[in-house]
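As structure tokens, here come the structures.
You will see two complexes here that share subunit A, one where it goes with subunit B and one where it goes with subunit C.
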Partner chain A sequence: MKTKKMEIGFFSLTSCEGCLFALLDLKEKFFALNKKVRIKSFRLLEEGIHMSEEKFDIAFVEGSPLTEQNIEQLKKVRKQAKTLIAIGSCAHIGGIYHLKQYSDKEKIFNYVYSGNVGVENFDVLPVNKIVKVDYFLPGCPVNANEFLQFIHGLIIGKSPSIEQNPVCRECQIRGYECVLQKGEICLGPITQAGCDAVCLKSKQGCWGCRGLAEDAQIENLVKELRKKHTDHEIIKVLEVFGIKDLLN
Partner chain B sequence: MDLGELQKFVENLLSDNIVYAPMKKEAKVFVSPINNFAEIDWTSELPANSFKSVFLPPEEILWKNAGKKFKTAFASKKTIALAMNVLDLQAFTLFEHVFEKDIYYQRRRQNTFVVGFTAGLPDDFRKYKIFHADYEENVLEHLIFDIFIEKQKNGNFIFFSGSEKGQKLLEENNVKDYEHIEFAGLVPESGMNPRLIANRKAVELSFNDKLWDELAEICLACGKCSVVCPTCFCFNLEDDPQLNGVERKRQWTSCFYPEFSKICGNKKELAEVKKKLYFWYYHKFVRIPEELSYYGCVSCMRCFNVCPVGINIAANLQRLAKNQQK
Partner chain C sequence: MKTIQINHIAKTEGHLSFVGALIDGDFAQARIETEEGARLIEGILLGRKYYEAPIITSRICGICPIVHNLTAIKALEQALNVRATKEVLVLRKILLLGQWIHSHALHAFFLSFPDLVGINNNLNLLKKYPKQSELALQVRDWAVEICRIIGGRTVHPINSVIGGFNVEPDFTELEKLMEQREEILQKAIKIFDFISARRLPKFQRPTNYVSLKTKNEYAYYDGDMFFSDNDQTVKVETALREIEEIILPYERVKRVRHDGRAIMVGALARINNNFDGLNANAKKSWEKLGIILPCYNSFYNIFAQVVEIIHCVEEIESLYSEYQKMREKSGFDSRLKVNFEPNPGKGFAAMEAPRGILYHEYELDRAGNILHCNIISPTTIFISNLEQDLEQLIPQLKKLSDVKKKVVIKTLIRAYDPCISCATH
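Entry: the complex of A and B
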């Protein structure tokens, strides 16, 4: 008996579309998925915004729901898809746009746009504040290999998960110099791993684009950082990817 | 054997093996793949990383299958772990026992030669400021290696073989002047090292010691300590679905990470940092000595060197021992 291929869609909300590009960078590996699934919608490979009445087994959503149109589309995709997976930092934790939430958003708006130019000034919310999300694939951009592992799992009916380790694991395995030990700010100890500690490869502290790791020792890290940094300096880093919002 | 002869011996090894050895990089020594003799550091300074990944890679594919085909993905390049200091040899000796029945480890080990080195004993022991053992004359008898090289005060090198494999490699490379040392088991005849027994006593009943509460106030549970530790051997097994078939992966993990003790319903035995810290010491200083009568920690201090909050294992043991006497 031939089983029906899974039907899959990729959707973009407001974003740089870097996550979908990261997936396309898989090249043959991405298109090899066609052997097992039917890719019915892929924002970067077609014109216009997808608004048909189709059904999907899995919908991958990148970007933040910023505009009325985004929100409408997101709700619609949720109705159409059995499984919805938020991919990338924007969909997962609000992404870089989220920075706006930490200041007076009217002031920021007026600084960027002069006068009434017909641009909406919405609050920045991650996808799961608007619809139910079944899985998250974190990262800025998403880790394409993690995506493959996920979708391969879903194809055979495995409920996928990503490993819950801090970035420090990957950093220490690779023997990168510890910038936290050097006295710089690094969120590696509290950030979900899976990026191969790529920022530390270039000696740049982790800003937490992949979100909080399970059991993250936030208080202890902040205590340590306070020895050398002002609260203002620490908060600035915690705000970049909205980690500040995840603390309570 | 003088330096020139040593160089010739090593160059022979380099010609048809992958060689890992200590190498100076920016004022520190790291175990790295080596291409020529001049890169090797012969001071017996402890490398910042250990030789662990030569024997147990941080991530490896154990087997894969596609359709009906089933393939065991054994790595089989001939490899030499060269100039391993005595502490890393002790950690390796522990691994040889822990992974005795692990075919993946053993296959790799079959293709790996272990060449120990000291710039002088017992001076090296003093240099390393070890806290887990006292120096014993017959230390080499209780270490596993294929070849061991000792640098003498006059600058010459003497050779020992520790296995048939090692003897063969020496003979093949025209080293005729060596002494064979037969492995005499993990525990010396005189019994377990008193230091090991004392450390065990200090940790065993210490869970209510204030030390653990204090450490739990600063530890980040980042697990850097166990990643770098030459005796930490915990790993995850995971089946990674592929487009066709499955790959089984093995990866280092640590008792500091959430998945380590997770059971169904997301319950974790080691949920609090205090428990994790205690579990680490308990494993090293109580459980391993209990199970193998051997060191679970070789006092290399790498855990301290990489710890972002400076948790010092030697100082902590001292404190536990002192509190216990009270």
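Entry: the complex of A and C
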């Protein structure tokens, strides 16, 4: 008996859309997905007209809700979807644009737009502050292979999970040089793995785009970092992707 | 007065809508509205360290993160008095050209070409033109791989930093990829022949075409700014001082004017201004169109992009052979990155992004904190020109049905390849 294909949609709020491009870069593997599920909404691929009563088995949402329209769309997608998955750092933990929250946001706005011009200056929030999120797929951008494993899990009815090791472990397995030992700031010991330690491959310390790992030993890392860096320097790096907000 | 509104135009980078009106038959108004929120990238960089800028600004755009990364690096290297080595420059150029190819291949074939054959959904495009889609995907994948090997990842580069590259791009991988370059070139030419057999809408509107220009090459990494309306080449810092960024009420995208006029940047502007610098196969392909330059039909931006894909593959070929020779010389490893200490200074840089001139400027204090940042993206520059094109196009469409009118309007908007994420930043 032929079962009905799962219907999935991809939705972008305000973002760079890099997560969508990371998925497209899966090439034939991404298009092959269409044999197993029905991709009903992917704005880079089609110009279909979507009805508001349309339903999705899974909705993937990326980006930050930064306009009235973004917030409305997010709430609407939540109603349309059985399962809502936040993908990428922005939707997961606030991401790069969330840096605004660590300064005077009015001042920053005026620096860019010089005064009140009727443009929104909302707080940059992860999507679960606005709607219920069923799963998160972290990363800036999302790791496309992890996305594939995740969705294939959902197709066969498995409740998917993300690897809960720290990036540090993935880095060591691959035998990359430890930048922390060289004296650089690296959040690898406390950041959730699943990225294949891709930054460390290029000798760039981890800045925590995937959020905190379970049971992250934050104090140990901070103690280590304080040997060579000021608190100000450490905090600045914790801010970039929003890890700082997760520490309390 | 008859208004035309198109909400949520798909198949563009970032979200936008169109609002237009035909007033008394021959006069129209047109406006592009962005639906992306303001991310205030320039503002959030204030007070942050100089080395964060290439990482943070690459998050402006997921399709062209490399050119933001490289332009930020080039501007910051000027501020920090860092001189990149020849080895670094060659790798950066290959990386940038890889960025052009994959961005153009996606846009020309998968976002704009469907408009020329009346297909709404790319999954149908793959079914109707499987062979050609496969060619376009193969060319794009080849370029995506270049970006992955040199940049460390396909989206948001990691390996490309101020001073050069953290690690040498895996040479075995690069070598294997480069073995395919002749094959990729032939595929790119086939795509051009296939796409350019389609008729583009008739349209003519001379405007001011602006691009970088250098004597040595089809400018993309370096050069002064060339303005076609007065035939002048001006230093980037002077040109940018003359450029006005205008903030309109309720508009998240600023508008750009030069001497009070809209300007056009991107593939068509570059071909109009720098045709002589194109490589042989690229030139030959454009000449098949039989169009006399300058070309004033903005729809031709689609064909211009495919010509540039051919040019880029040829250019990568010569850069790669230069790189191979450099790699053989002793001390190569040490020339992949220049060391430096932070110092106060100002820096600015312009590069040709796939969609046209991209400009970054920074000012740093003694400790390397960012005191000032300004970014002007190609879509910000050309959006006024697009609006003016639409104002001329709409009266020409009087006799068409509303549905057909909208199709032509969307075809023109997409032909420009607007990147609303970049424009809003």
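One rule holds in what follows: the second predicted complex is superposed on the first by the 242 of 248 C-alpha atoms of A that agree within 3 Å, B and C clash if a C-alpha of one lies under 4 Å from a C-alpha of the other, contacts with A are read in each partner's own complex, and residues count from 1 in each chain.
Just so we're on the same page, a contact is a pair of C-beta atoms (placed from the backbone, for glycine too) under 8 Å apart; a residue touches a chain by one contact, two chains touch by 3 or more.
All figures in this text were calculated on a predicted structure; none of them were measured in a lab.
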First (subunit B), second (subunit C), both or neither touched by A:Lys201: second
More subunit A residues in contact - subunit B or subunit C: C
Touched partner set for A:Ile173, first subunit B, second subunit C, both or neither: first
First, second, both or neither for A:Glu224, with subunit B first and subunit C second: first
Which superposed partner A:Gly153 touches (first subunit B, second subunit C, both, neither): first
Partner chain(s) touched by A:Ser64 [first = subunit B, second = subunit C, both, neither]: second
Partner chain(s) touched by A:Ala22 [first = subunit B, second = subunit C, both, neither]: second
Subunit C-touching residues of subunit A, taken from the complex the two chains share: 12-22, 24-25, 27-28, 31, 34, 39, 43-48, 64-67, 69-70, 95-97, 99-100, 103, 107-109, 111-114, 117-122, 140-141, 198-199, 201-204, 207, 236, 240
Subunit A-facing residues of subunit C, complex: 8-11, 13-15, 35-44, 46-49, 52, 55-56, 59-63, 65, 106, 110-111, 120-123, 126, 137, 141, 144, 152-156, 158-159, 161, 166-167, 247-252, 421, 424
List of subunit A residues in touch with subunit B within their complex: 32-33, 35-36, 149, 152-153, 155-156, 158, 163-166, 168-169, 171-173, 175, 178, 180-181, 188-190, 213-217, 220-221, 223-224
Complex interface listing, subunit B residues touching subunit A: 30, 48-49, 53, 58, 217-224, 227-228, 236, 238, 240-243, 251-254, 257-259, 271, 273, 306, 308-309
